[in-house]
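By letter and in written order, the chains are A, B, C and D; residue numbering begins at 1 in each of them.
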Amino acid sequence: MAKRTTKRRISKSTKPKKQAARKSKIQLNDDIGEKTRLRMWQLQLEIRHVEQRAHDLFFQNLIKGTSHLAIGQEAIASACAAVMRPDDYTFCTYRGHAHTLVRGASMEGVLGELMGRECGLLGGKGGSMHLTDVEKGAMGSYAIIGAHLPIAAGAAWKAQYLKTGQISFCFFGDGTTNIGAFHEALNFSVVWKLPVVFVCENNLYMEYTPISDVTAVEHPAADRAGAYGLESIIVDGNDADLVYRVARDAADKARAGDGPSLIEAKTYRHSGHSRADPATYRPEGELEKWLERDPLKIYRKRLIDFGVKESKVVAIEKAVLEAVDDATEFAKNSSTPSKDVLMTEVWADGGASWRN
Amino acid sequence: MAKRTTKRRISKSTKPKKQAARKSKIQLNDDIGEKTRLRMWQLQLEIRHVEQRAHDLFFQNLIKGTSHLAIGQEAIASACAAVMRPDDYTFCTYRGHAHTLVRGASMEGVLGELMGRECGLLGGKGGSMHLTDVEKGAMGSYAIIGAHLPIAAGAAWKAQYLKTGQISFCFFGDGTTNIGAFHEALNFSVVWKLPVVFVCENNLYMEYTPISDVTAVEHPAADRAGAYGLESIIVDGNDADLVYRVARDAADKARAGDGPSLIEAKTYRHSGHSRADPATYRPEGELEKWLERDPLKIYRKRLIDFGVKESKVVAIEKAVLEAVDDATEFAKNSSTPSKDVLMTEVWADGGASWRN
Amino acid sequence: MAELTYREAVAEGIAQEMERDETVVFLGEDIAKAGGVFKATVGLYDKFGPDRVRDTPISEQAILGAAMGAAMTGLKPIAEIMFSDFLAVCWDIVANQIAKIRYMTNGQVSMPLVIRTANGGGARFGAQHSQSVENWSMMIPGLKVVAPSTPADVKGLLAAAIRDPDPVMFFEQKSLYSSKGDVPEGEHIEEIGVAKVVREGSDVTIIALAAMVPRALDAADRLYSEAGISAGVVDLRSLVPLDTKTIFEQVEKTSRLVTVEENPRLCGWGAEISSIVAEERFWDLDMPIIRITTPHIPLPSADELEDMALPSVERIFETVRQGVD
Amino acid sequence: MAELTYREAVAEGIAQEMERDETVVFLGEDIAKAGGVFKATVGLYDKFGPDRVRDTPISEQAILGAAMGAAMTGLKPIAEIMFSDFLAVCWDIVANQIAKIRYMTNGQVSMPLVIRTANGGGARFGAQHSQSVENWSMMIPGLKVVAPSTPADVKGLLAAAIRDPDPVMFFEQKSLYSSKGDVPEGEHIEEIGVAKVVREGSDVTIIALAAMVPRALDAADRLYSEAGISAGVVDLRSLVPLDTKTIFEQVEKTSRLVTVEENPRLCGWGAEISSIVAEERFWDLDMPIIRITTPHIPLPSADELEDMALPSVERIFETVRQGVD
């Protein structure tokens, strides 16, 4: 018989008792704990401010091409990063500034790449849609829908084969669940029992089309989990603590050799799909509703409720802003790529020659 | 909320009462009726004997290339054909001699194509894996896994758009459920509510690998139905009556504008995957078990139990065998394709020119 | 005549054909309500409604499979693949199914469909959103391949592609979408398979396609004014069918041939043309055949790098000047 | 030396490398327990076990995606795509991902993998199982492309491909699987990117690949004995890197060039070679460059038709004879 599909719906966080700060302190050091929480706070801030800076730089014409911001979706990347081991692998999409940053890639590297500068993570060769920092485990941003799901499975295969204990995290959008590679990757990973965690960030839209217009089920990822014998998991993606817990469970499962998980995290992007999109297709009031559920707002309140001093919360924010300012200056002052790099790194010998 | 997935498991046929022939007669004319039953009997015989002939011709070296027989799977093609309107569309695979024949394609045309003769359905240009008879609604056999599922959806789209009341039937194997195009076609068809019936013939194997080795769920099609908000349907594919009923329901649903269905029919191929495959990978006794459930054996008994005279049953078989003999002779005597056809029919103007 | 952008001409061409033929339908991602990510199909949804202009899931195989199934049963679908790079995710449907089915069925099946797609570089989108892949299609028997360089040709050739009874790959060059030009008002249709001599020349013939046409023209201007070289420019417009007649006429006239391709070097359409001329007009040639292409590398994203990679006016000018010397 | 079939040489080449390097792993459909549908990988599963030789679902995107992910994190995967026609269903992974990632990441990511696939016609399999698609890969920057014609080269080049730090598309020609030849015993490795002059000639150079090599050799024999023409034959062996040095040496020597391709006409590798020679060795040529190809049609299945379509010894003989005349 087919495994019964089990379901988990996670939308309620640990409620801190409103009373004494001391009590809260104890709760703050629950299964997540203060240190991890402050880290998630910082990571969310880093994403928010780097993305906002990217937005500004775009309109100063310092970033060309395109860029896809994750403002509003910060909790997911941050919480998953907090779960990962330094040697774990992240695979993400063109909307991947966030996922790259939280692994520890430098802000200069990210902003520099967006601006096409020499200091960019990819030396200006890849661009905003392909941020990668292999040393940090950020194994690439992929700009064609679907491809990176099986690629993430492949990295997990390597970990399984060499018994390194590493796992792969793979992030993608709701729209991605309708392409063939999604299906192949999920089935393949389950059959091979690969240590990979698939995280669908359901922000309700593909580019400009609501996901519900083009999807046969309500929950594009969770309602498909059963097709691979997986548990159906939906989590409030704007609450870092909740995401942290499901991601941790999934990571534990993967590391224990029990195979992949598929997590659907409900969230919302505050801006348009990409730089040029004013997002006029959104029904009135939708954005406003989600702004109230802004992950940073939620998390700031959580920390305060838990008894973290406001000054501490603010200090982290200030430090992040300074870092973003510094990185911006650095990137602006970085030169454009030298002409020589045009013809390098097609091949492992460093060159681009196709003939003798 | 996601639609609850409903399940249907059909493995018990109408049981004819063993007594009086008159009573049986009445049952014979139940919702299926004698005429349809005799037609399904004839169709199953046609498949069986054409396939056996193809097998023989192969070993006489009169058929080259490859060929994929459907011996053991006759009930599915036959019952579905009995449900179809003459103007409905069939899309099938390289294992599609059966599906093409039952729509009324001539045996000469089928055997001739296998033998690469001028009288072949495709004039010798397509070969056994691409049998097509557009006039009969047999819209092609497709030899690369997955592609014809969205193509069948497209034909259904045309019917929906022009309100012709036609529907598409799309046949494919268990192995096909693991490729991306399966997933895309199912989701797409449900979202567009297309009149298409997807029939998965689960014969337990892809080429040489058991489907259970490479699939995350037990029922490769039925356990995925829920991922598209569809009912999970499994039917005994070796019993033409049972297949007829689920296919009829699905066709009615499609014609009523209620969208696609996905049917998983359990069956078994008696021979190897293709001509050259001795099927040594099958566990001992497996074939024998399935031979007892031979769809022709089952259906012959059914007819007799229902009170159809044995002489009638035999007469149909004799006529089919004669027709196969005649077609074989005809095809053998047909000439090989004339050299002129090599460069025709690339374009609608009949030619193949890519330049002026 | 009306002045339109290249992108506006797309919607005009589609609208013209949808108006005259009920069986023309249009599908793709974000093409209906949103008017397309390049805004090339704005207004069609409002004009022709949700039955004829349909948004799809991100399912390129389903999009083209559906187009194929509809084409073989009586409709004339237009399918959009948002960026031509994404043809790779549905290449089976294009190369193995759509292109081959008429031949395989000995003419039983017709395939009157158009696949529109945004092709080429210059927008700093990086290696997965900037490829010029018209040669991917050219190499597959059974596909017609069209790539217009002007708004008028967009309208006229797109209309022709929709009427064509065979599958047409229609490449819209991204970097041209905002370019402008005069477009005939009212019904406008061009013939597929006819190249256009867009500048007469006597010393050398430059063959170009899509975004390379305006660059070749600029280079030709400079060649004349700065080096006294009279360069003719041919806008190929269609790769299949290929107008070898026009190519040969120009080669006979100038005895010198240069091709300018946006695609990377190996197996580009310039190679095919070079090989045809080297075989069939060998004795007319007074100079080696020169190919100008993007180097054989994935396309980089930074401004300076991308500009260096794509054939520039300067590079065309210099290469032709040195070649003719 | 041992006499092996081309198919046996495949398993030998893989086994040689799996033995010396634990990070070499192998995946594909029916390749493990069943030994492959062409029986080219028989014995590997028994020898190296289920962790290193793994059967997969019918999921070509997952197969190559997994190979890619494993290659970028430290393994050296060999992936089989059963028929080269099926590359179309996973072309995105090949052309957009595997080929581009090193360049896009400025060298952060290495891609030491091999994609093996059965290529070409002659088996009466029809248009979807018979294509010669080595040019599909040649046109994508970032892929190496190898296609051996002998069992010895299968072993030596496959071993080299597995050791190569870049992605190698390895085309095994279906029609050669049962051909036999001497293969060095023990460790055998060849260099990728070096063409082989398999027959010296002074009047004309015939460049061929894979199954066209034995045909070109047979035609050369006949040209000599029946027409007194001394034809050299070059087995290209690898399209990327391309051994233009050897090509140029032969062209300089014979001043006449003919290419013989199994792929359909447009944008085949012969076009690329022709264009290179027409540009860089133009003044050495005494004869138009001739290309012999399968016509630009999908491949038919009936014996007579398929035989007519593929370049035959007769056609090579006649074309070269007339060309040299």
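We take it that contacts are C-beta pairs under 8 Å (C-beta built on N, C-alpha and C of every residue); 3 or more make two chains touch, one makes a residue touch a chain.
For clarity, every value in this text was computed on a predicted model and none was experimentally measured.
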item: Interface with more contacting C-beta pairs, comparing B-D to A-D; value: A-D
item: Most remote chain, CA-based centroid, reference being subunit D; value: A
item: Separation of mean Cα positions, subunit D and subunit B [Å, integer]; value: 37
item: Whole-Å gap between the CA centroids of subunit A and subunit B; value: 46
item: Between subunit C and subunit D, centroid-to-centroid distance (C-alpha), Å; value: 30
item: Between subunit D and subunit A, distance of the C-alpha-averaged centres to the nearest whole Å; value: 41
item: Sequence positions of subunit A contacting 2 or more other chains; value: 125-126, 130, 142, 144, 146, 178-181, 184, 187-188, 191, 213-215, 341, 346, 352, 354
item: Residues within subunit C bordering two or more other chains; value: 56-57, 59-61, 85-86, 88-89, 92, 96, 103-104, 126-128, 141-142, 240, 266, 295-298, 300
item: Complex contact set, residues of subunit A against subunit D; value: 89, 91, 122-123, 125-126, 130, 132-134, 139-140, 142, 144, 146-159, 161-162, 168, 180-181, 184-185, 187-188, 191-192, 341, 344-350, 352-356
item: Contact footprint of subunit C on subunit D as seen in their complex; value: 85-86, 88-89, 91-92, 94-96, 99-100, 103-104, 126-128, 135-136, 138-142, 240, 263-272, 274-275, 277-280, 282-283, 285, 287-291, 295-298, 300
item: Subunit B partner contacts - residues on subunit D that touch it in the complex; value: 29-30, 33-34, 37, 55-61, 85-86, 88-89, 123-129, 265-266, 295-298, 300-305, 308-309
item: List of subunit B residues in touch with subunit D within their complex; value: 64-66, 116-117, 120, 124-130, 142-146, 175-176, 178-181, 206-209, 213-215, 281, 336-337, 339, 341-343, 346, 352, 354
item: Sites on subunit A touched by subunit B in the complex; value: 1-3, 5, 146, 178-184, 186-188, 190-191, 213-219, 223-224, 226-230
